[in-house]
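Labels A, B and C are assigned to the chains in the order they are written; within every chain, residues are numbered from 1.
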Amino acid sequence: MKWTATPTKLLPLLLGAAALLGGCSKAPAPAASPSAYPRIRFKTDWYAQAEHGGFYQALARGYYRDAGLDVSIDQGGPGALVSQLMLAGQADIAMGRSDDMILWGSQGIPFVIVGVYMERDPQAILVHEEGPVRTFADLNGRTVMGEQGSDWIDFLKAHYHIDFNLIPMNFGLAQFMADKNFIQQCFVTNEPYFVRKNGGHPRTLLMSDAGFNPYRVIYTTRRFADRYPGAVRAFVAASYRGWADFMGGDPSPAKALIAKVNPNMTEDFMDYSIGAMRDYHLYTGKAEAGDRPGLMTRARLEEQDRILLDLKIIPELIPLDRFARFDLMPPGFQQGGEQ
Amino acid sequence: MSDEAIIELRRVRKQYGEGPVILEDVSLSARRGDFVTLIGPSGCGKSTILRLISGLSPVTSGSILVDGAEPQGAVEKLSFVFQEPTLLPWCTVERNVELPLRLHGEGAGARREVAARSLALVGLSERSGYYPRQLSGGQKMRVSIARALSVSPKILLLDEPFGALDEMTRDHLNEELLGIRQQLGWTAFFVTHSVPEAVFLSSRIVVMASNPGRIHTEIPVGLPYPRTVETRQSRDFQGLVAEVSRTLRSVERLP
Amino acid sequence: MSAPRSDSRLSVLARNVMPALAGAAAVLFWYGARLLMKPDQLFLLPPPQAVLKAMVEKAPALWAATLSTGEGALIGFGSAVAVSFVFALLLSLSPIVRAGLYPYLMILQMVPIIVIAPILILWVGAGLASVTIITFLICFFPMVVNTTQGLISTDRNLVDYFRMCRATKAQEIFLLRVPAAMPYFFTGLRISATLATIGAIVGDVFAGNSAGGQGGLGYLTIVYSARFEIAALYATAAVSCVLGFVFVYVVIALSWLALHKWHDSFSQSDA
């Protein structure tokens, strides 16, 4: 099951502070490779899955190599504190969500967005077709299994003027399958597959459709971006190439690589995820709204900034340049302009 | 004092299962008012005899009569003083002395009265509110004796009660014990390793042998009561001590 | 029998000054650690004043959460004490019963909360009931084990004496075994008191309910970490420690009341 990218995993952070003191002085600089660029360790947010497809495609097809990069993709997983690793210098580039970047920025944590790999996020609410919930507004007065403190949940309550109760998320489906009225958060690319496989009829309400619409981003530490802008630029460009090929061409190289590094992955499930990404326009976004694969606009980032401010989750608007760099994306991917 | 036996052991044999024989063919009697001391080498079964009389253990064969009844039915007539004071550490001295009365269901008022009297007998009235850990070894033993006396026993069984104390305290307590006996008149069965103590206290000394435990010799002690510090200096006393010691040594040399 | 005069003066000094010194040293270490950290990582260890500021700002939320967690901890702990005592009495009666039940008690103790929590939610719903049950489970086992041990470890001589006085079984249990077991009981109580707040907080994380402001300290921990409010996270941790300390301190006080007059674990005050 999917572990959402919001770092609830900062929980062990308190214990990690002491451990970190041991590690902070020996954070290694990325080893120099024969080319001009440093070796890049790219950290994903979960075990290898189709939602990481473009990156694995780039690796499998040799796009990183072609760009002069030596890239390794390290799998994340439950409890893998990606942000921690990044700051300790044990991972160089990672994947996340743009609203998290704003939150980090408000706390003075030095990460920057360097690229966008999905225009819309797979986060959604999962209910049974036979259940009473049809729209977000129907959640009013009900109980939802979701991650406490999630900003998008606060958004739903404020936006629809509803209230509902949250019980702790355990990322399983046992309770959902046992109760036709059960409601929980999910990823559209993931849980519905298993529900159907076990004979259920799932219905999903996509967070993006409600108006909370973050990007799925590639990010790194400000330090790394300042030190190796060429490498980062090359990485983002090669990743974009990989994603275009994965979603527009033949995804089998990525699928084979994913299956190789994640033995629990099945072809059937990957096909489902890819299908969901298409059906919900996660990669391409909504063309009528001006979205395009890989595009990042100031307008959308500012909108999210404002939403978080209205929700009182951040104390003030965060200037975009504190958490986003447009100059490392391939030309034409910053708010308009042709490829 | 009447001539009839208040305690009578007839051909008592004690064996734990198929194990070694602790006591073999022990016959012994005590008259009312006797002070009988059992003395002998380790393993001769002297403590076991006390346990059999008190009913803590059953005999394997033979019989024991305590004031005409079986030991099991003689609870109210017996009191036992152990080698360790065995006081309840969470109770005050007063509560400890009251304990056997409490277990028998006596009311609080009666208990308090009896406990006060017992404590007075052993000279510990001012310490009635103390806890055992605040007392010396000798004081704890006195409390144990006061507790034993609180049920007004006819028979007092004492198993090396002063063994852990120093010489002077032991002598003091010996004298006190006889003083109390004079007031209350119970019959005593006493076990000790100390020959002078045995001679000082007893009207009769039973020397036992071991392997198996059995009675070897009975030595009457004719010294007059009340016995005092001066008694210890007398020639008769010294002579008896020598005689008992000789007998003991000869018993120890037996196979 | 009394403690020497010079010792007691030293111990007063030790008891009051040393902790203060240790606390000051800890704060110094805190600042010093920040000096050693790379600038990127500073946000992980906010300075003490930031934590204090967060404590003040979030005081209403922290207070409400403390009450909620405290309630779960208290009920869970209290019921664990009562039930474990009864259990221990039963276990102390027969070595056969003990041999039969101990392995299962051990196994039950091993089941991790992560596994139990969803099952509890299915049965009793998320919220106070689940948190209380989780706290109960965490507190129950140390208490049963310690109290049982105490009840069966009574001095052989005392048992003999009671038997000699032909005491009834009930008298033997309530006048002898139970008082003798008190030091063991309080040891178990102290261990469980430490675990009670941890249990309630963990229970809150996995089976708590945020409805109507019921959320406890576990819930706040999740929310603050989701929002990256690190200083608030530290503040929550500090408050949790204080709550735990309150529990333990109450138990220590009770233990002193029950034992100080007669038990060797407390130094003597008077000859």
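Please note the rule applied: a residue touches a chain if its C-beta (ideal position, glycine included) is under 8 Å from a C-beta of that chain, and two chains touch if they have at least 3 such contacts.
These figures come from a predicted structure and were not determined experimentally.
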- Note on the structure: The chains touching both chain A and chain C are none
- Centre-most chain [mean C-alpha coordinates]: C
- Message: Measuring between Cα centroids, which chain is at the maximum distance from chain B?
- Response: A
- Item | Chain centre separation in whole Å, for chain C relative to chain A (CA means) | 40
- Query: In angstrom, rounded to a whole number, how far apart do the mean CA points of chain B and chain C lie?
  - Reply: 49
- Message: Taking the mean of the CA coordinates per chain, how far is chain A from chain B in Å?
- Response: 87
- Query: For chain C, which residues count as touching chain B in their complex?
  - Reply: 1, 155, 157-158, 160-167, 171, 175-176, 179-180, 182, 261-264, 268, 270-271
- Which bits of chain B are touching chain C when the two form their complex? 54-56, 75, 78, 80, 82, 84, 86, 88-91, 99-100, 102-104, 131-134
- So, in the complex, the side of chain A touching chain C is made of residues 6-11, 13-14, 16-17, 20-21, 24-25, 27, 87-88, 103-104, 106-110, 143, 147-151, 165-168, 170, 172, 174-175, 178, 221, 223, 313
- Query: How about chain C: which of its residues touch chain A in the complex?
  - Reply: 33, 36-38, 40-41, 43-45, 114, 117-118, 121-122, 126, 205-211, 215, 219, 221-230, 233-234, 237
